[in-house]
Amino acid sequence: MPKDQTPTGEYEIFERRESEARSYCRGFKTMFKKASGSELTDDKDRTYIDFLAGCSSLNYGHNDPDMKQALIDHISRDGIAHGLDLHTDAKSDFLKTFEEKILKPRGMDHKLMFTGPTGTNAVEAAMKLARNATGRENIIAFTDGFHGVTLGALAATGNGYHRGGAGITLNGVTRVPFDGYMGENCDTTTILEAMLQDGSSGVDAPAAIMLETVQGEGGLNAASTEWVQRVAELAKEHGALLIVDDIQAGCGRTGTFFSFEKMGIEPDIITMAKSVSGFGLPMGLVLVRPQHDVMGPAEHNGTFRGNTHAFVTARVAIEKFWSDDTFEKELAEKEKILSGAMDELAGIVGDTARLKGRGLMRGVDVGSGELAEEICGRAFEKGLVVETSGSDDEVVKILAPLTTPTETFRKGLDILLEAAREVVENHKTAAE
Amino acid sequence: MPKDQTPTGEYEIFERRESEARSYCRGFKTMFKKASGSELTDDKDRTYIDFLAGCSSLNYGHNDPDMKQALIDHISRDGIAHGLDLHTDAKSDFLKTFEEKILKPRGMDHKLMFTGPTGTNAVEAAMKLARNATGRENIIAFTDGFHGVTLGALAATGNGYHRGGAGITLNGVTRVPFDGYMGENCDTTTILEAMLQDGSSGVDAPAAIMLETVQGEGGLNAASTEWVQRVAELAKEHGALLIVDDIQAGCGRTGTFFSFEKMGIEPDIITMAKSVSGFGLPMGLVLVRPQHDVMGPAEHNGTFRGNTHAFVTARVAIEKFWSDDTFEKELAEKEKILSGAMDELAGIVGDTARLKGRGLMRGVDVGSGELAEEICGRAFEKGLVVETSGSDDEVVKILAPLTTPTETFRKGLDILLEAAREVVENHKTAAE
Amino acid sequence: MPKDQTPTGEYEIFERRESEARSYCRGFKTMFKKASGSELTDDKDRTYIDFLAGCSSLNYGHNDPDMKQALIDHISRDGIAHGLDLHTDAKSDFLKTFEEKILKPRGMDHKLMFTGPTGTNAVEAAMKLARNATGRENIIAFTDGFHGVTLGALAATGNGYHRGGAGITLNGVTRVPFDGYMGENCDTTTILEAMLQDGSSGVDAPAAIMLETVQGEGGLNAASTEWVQRVAELAKEHGALLIVDDIQAGCGRTGTFFSFEKMGIEPDIITMAKSVSGFGLPMGLVLVRPQHDVMGPAEHNGTFRGNTHAFVTARVAIEKFWSDDTFEKELAEKEKILSGAMDELAGIVGDTARLKGRGLMRGVDVGSGELAEEICGRAFEKGLVVETSGSDDEVVKILAPLTTPTETFRKGLDILLEAAREVVENHKTAAE
Amino acid sequence: MPKDQTPTGEYEIFERRESEARSYCRGFKTMFKKASGSELTDDKDRTYIDFLAGCSSLNYGHNDPDMKQALIDHISRDGIAHGLDLHTDAKSDFLKTFEEKILKPRGMDHKLMFTGPTGTNAVEAAMKLARNATGRENIIAFTDGFHGVTLGALAATGNGYHRGGAGITLNGVTRVPFDGYMGENCDTTTILEAMLQDGSSGVDAPAAIMLETVQGEGGLNAASTEWVQRVAELAKEHGALLIVDDIQAGCGRTGTFFSFEKMGIEPDIITMAKSVSGFGLPMGLVLVRPQHDVMGPAEHNGTFRGNTHAFVTARVAIEKFWSDDTFEKELAEKEKILSGAMDELAGIVGDTARLKGRGLMRGVDVGSGELAEEICGRAFEKGLVVETSGSDDEVVKILAPLTTPTETFRKGLDILLEAAREVVENHKTAAE
């Protein structure tokens, strides 16, 4: 993210009263007032193309008109706003739609566990399910994985800055190199396999192996199908559940609803959040196969488990985008545009650049966090909100709304390329 | 909670596809469609008085017209729905209002940390803040305390059923008896004091002492002012931060905005959630004194930290109810009514009954979970939603919206008393 | 312990090459060369009466002639020195003697587990046995308990200085106040009981309750029979094993072989070390009832489990001292002498003095660590080795060999009283 | 180890009263009475050549005459048997000898910390030192490493059977593949390097990297010099201490006093036990560079820290064997004999056999635990005590006393080869 800038005037309230933990606002220094589709508008009526999309929480863009209308209707008619986990019509409708449009067509028998409406809470529940279902404690997670910052999930998160925030030992997770971590010629599943097969490896029999198919925060590291399949096989062979954390990569981000759909695997547990509500409303969801649905009533609970407003918009999102393959086809088209732009960006940056990601979560590792931040900062000046990721923030990461009109999409990408060109040019000039 | 009943027909979808972890819906077997003020309406158009109020998440009732209008306006004008932790007008407005109406009048210099929008996430952040601010790991928590079910918060939660769900050792918390736990004649702060003073007690120097002034889930155990003050003193003497978890007892539930306002203490950290959004929308908030605001940018993060819709309604809630002392005075009146009804309920139950709670979170320990559930089940048949709490669910717990009109309030209480009378009478008859 | 003094000359090698962790040598600054019975002799041929006795590891004195002869015979005839846990005649003989003289007369069916030859290793094994036998993790330990400093045992040890040495979170132990910790009028088993009975206390169902009947390192805190019995009952009621750590208080130190013999309890597991070899040789022993003897072959192991030389001397010790009640009767006599001297010591110190301990592990809490160390330091100058204990080293602790001849015993006590008188007198003079 | 056989007669006492945790005695079913040099004698006066040597605790053989005489002299003259960590002449003499003969010639400035007299206790102390010296918690350990079974050390031990005995989560250790673990073509330090360099790897900055240069229990896996050097470099680069656990591989077992002497590394901490006392007496020792000698007085303690009898024999052992290079040269000769025999053994077993180990801790991976146990069982019948190691006990492991006379050495090896031939032949016959 672009470096902090001293707030003045209208931002004083944030500096005075909001915790130092605030972050995005430090890089994108303006006051946002409204948003529609792929555009944000600030209080000076300046408009920005949004290629951050709430970190993939706004895959369908801001204030989608259909979801918006449904939500206004729901509120207007005094629909339930907060319903604990009581039966509500909104939840029933969501469940039916999710079953009909998502689960059945994919042959999935999973049940839905509504956790506190955050990704980290979904991950905590998934880890508990796996531990209780297997009677084991150890969970295998991968280098550069990001699963959240509450204590259970944080143990599975790789990022040292976040881990350091714990203030206490993080337990119960064994770390294994992700796909590509040891270079192209090393299949890291061989390490996993060796450690699981050897009773003296010190890696205790795992309750689960948890992975993201594309590590969004970790730098857009995309696992290959073969690698994921091998991990899935190893999980099965060793009695471990396979958890796919699809919080950032799910909901169409990679081109299909689930990120793993075309990989031929059947995860035992899937965690979702971010875009699952469709509208950016908080929602957390764990999909779990019936045989592993072992938490008793309220054993994992939380007041906001099931956010009724989110059920309303989530239902509309699924009906609108996932009733047939139209949306998927659009995504495939858009992916080509993005892919081309990333090639171009890499070309601008030069030989050190590496293409990252998959589907519509792509980026370029530009070699250093400083350069990536400079490019994003310049882009912001030009009206584009775009962020970095990776362990050193070295990846310029594109997470545009999936619904971004082609013209806007190209425009945003052009801004980014222009910003990159200027920054790289400046560096060359400075070096001469 | 009333026992499970076999779902049929319209509930099939829940049984087929929702996780076994679902709970409230098992006891209140109907399908809720709308809600207004203190009343819920189901799909058969039957109306229920709501004395559960989203477990104190709906202190201002369902769909408060002013919040509702503000939210519809916000959505209608394409206000930001999801803004990460960017600067938004909605957040700015909320911060200003919270500062003006809540913090300044109470002489508080706390900063606001917006965490993932759940109580447990706020608690996790509070525990991290304390551990990082002090460089210590141990956190003192109390018997019967409830602080959430993600792994960090769960270590501080007393309930064995929830703890067992962890599937892994829970660390970093020392447990001390809460006020009244050892009977009336034992001041349990003497135990805390002895253990803190003794370098060989095995209780490591604490980062924080965390308490609820009234333990909502733990059975409406209300700590005395003297006890809380003594704990606060001990925290100060031993270099520990004082964390008040005001998630359930805050937002007016005890008669004042914060539950500890009249206790003459200054907590270093306060956690809020539940009713802080006013409308039942997910929101989590940590108030932390500036000197302890030590988490770096995004060190504790989460996509839904700061729920923009919640900022909108939370601002209205504070303006509407906390701009002057009108609401507090109403609460004092209502407390008398509630207190009288609880006396009456205890009288019906008989000698074993014990009055529990404080302010507008009150109840009666009826001696057994079975009896409490029976009373609540009977009340539900009569049109009242009311729940139990306590380690054996032995407390009938009243958490009516604070805004409940007097007539409705009395009506709900009458239903409860009638239900209790019938149940007790039946037991007597059965015993004869 | 008396304060450090700068080593010179012959002690240089210790300062140069022995770790800073060395401790007793700092207080008793001389070079010991030989020892017999209750006397140590240094390299200047000065003789000291030993009231420390290897912290109760030399209950039968130094170089007991019978054990010494048996050991020399064993070594001379090329008896096994190191036998892993193979069958050896020395182990067989020890087992038979221990069964015949110790277990059978006391109606005990316990089996013997030879662990690595240290107390902490025995405690680690005991904790593992309890956790594996019950499938639970939590172990209840008490304030001021001392059980060793390896990581598992250290979690159960109360002393903050030792705990701080861990450098990592200590897990799996819940701390409860020991007998007398909350003053005379508080029966601390009521706290334990309340927390065990309440499913929401946050104290997880315990695998074991582990206690010393007299806390040697913790300040000679002697539990009453009633208190220990109540703890034993609570353990049984709640499915927890009762572990008595008899490492310091066992082997006759309280007047009987086991410290709990006259308390009418049947511990499930007993840990022994220190004097169990009789000769001061390293030995660790866990007694465990057959139904809890659940560790598989070598599951808990260690190269030095079973120290064959120690088996030789241990057998002689048991045959010599525990074949009939002669020794016990002598101990009863000696206890009276010690008790009288402690009264006298308390009288010298004045009103703040408190009598501590039981049997032949007794002392006086003189009110401050400084005073206690000064008294011990003065006694050392006069030819008596005596140490302090307690969380602030505030207790002058007598751990004379149980075999000390009466004359020597009185002489040592006289030195101590004289030292105390001089120190107290000096303080008075200084204060005037 | 050979399978258990039902005890009868003279072994009843072991079955009746010794814990099920006993192990070696199950495989070598006889009663040993005496031992001298490389031979054990049982109660039927049958003599066995000992190629187990107390798991490398008897590197100088049983009852070495010089150590034996020194120990008898010490005991006879009432030398201190148990001296806590007081200054004693025996300790002083040992320290001086160790400094003169071991440390100075090797240019080592390490200090000696005497821990409880077991290897696991030395490892616990080493881990504490590293954690306290660096203020970090994480310790890197390797697959198949064995460091002991007390809770701290056990976390670093790879063996799943031992780990499972903990009954509680093991924390604070990250596991990395040892040299050769991923096959010949994978330098596993690249994995370690990648994870240490990446701030998002999830591997927290380590306090220490702990390794055995030859993993004795893990299957005689010998690390290459290059690999160890690279690990040492990585430790230095990343601010971690290097701990070499030389408990089994030290004291001449690999041909030099320390196992790493010819590797050009300078470990910050070295743990020793097993043969350090020379005579098989319990002794634990940590060598630590002065700048990391950070434990305070008694911060890590234990009654038997420093076993005075062991000091006596340890001094003799060092004087006798390590005053010049005579012994090392003998070891080099013996290594050739052993190496040849292992080639021969591998030839008998066939293509699946793999040579393991280094120096005088060598063996052959015969492909299965069953086969290895059968060979060892047959050898025992023929008068040779020899054991297996490895995660599946698949390695026939030779740990003969280093002082074994050549003739006896060859004789023992011949028995082993003969046993192997018979077993392999039988299998072939059975298969036909």
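Going by the order they are written in, the chains are A, B, C and D; count residues from 1 in each one.
The definition used in the following text is that a contact is a pair of C-beta atoms (placed from the backbone, for glycine too) under 8 Å apart; a residue touches a chain by one contact, two chains touch by 3 or more.
All of these numbers come straight from a predicted model, not from anything done at the bench.
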{"item": "Chains touching both chain C and chain D, listed by label", "value": "A, B"}
{"item": "Distance-maximising chain from chain D - centres being C-alpha averages", "value": "B"}
{"item": "Chain A and chain D, separation of their C-alpha mean positions in angstrom", "value": "49"}
{"item": "Whole-Å gap separating chain A and chain C, where each centre is the average of the chain's CA atoms", "value": "57"}
{"item": "Chain centre separation in whole Å, for chain B relative to chain A (CA means)", "value": "30"}
{"item": "Shared interface positions of chain B, touching two or more other chains", "value": "137, 161, 164, 168-169, 171-172"}
{"item": "Chain A to chain C touching residues, read off their complex", "value": "168-169"}
{"item": "Interface residues, chain D side, partner chain C - complex", "value": "4, 10-11, 13-14, 16-26, 28-36, 40, 43, 52, 54-55, 57-58, 62-63, 68, 71-72, 75-89, 91-92, 95-96, 98-99, 103, 111-114, 116-121, 124-125, 127-128, 130-132, 137, 148-153, 155, 161-162, 164-169, 171-172, 207, 273-274, 279-282, 286, 288, 293-304, 307, 309"}
{"item": "Partner chain D, residues of chain A touching it in the complex", "value": "137, 141-145, 156-161, 163-164, 169-175, 177, 181-182, 186, 190-191, 194-195, 198-205, 218-219, 390-392"}
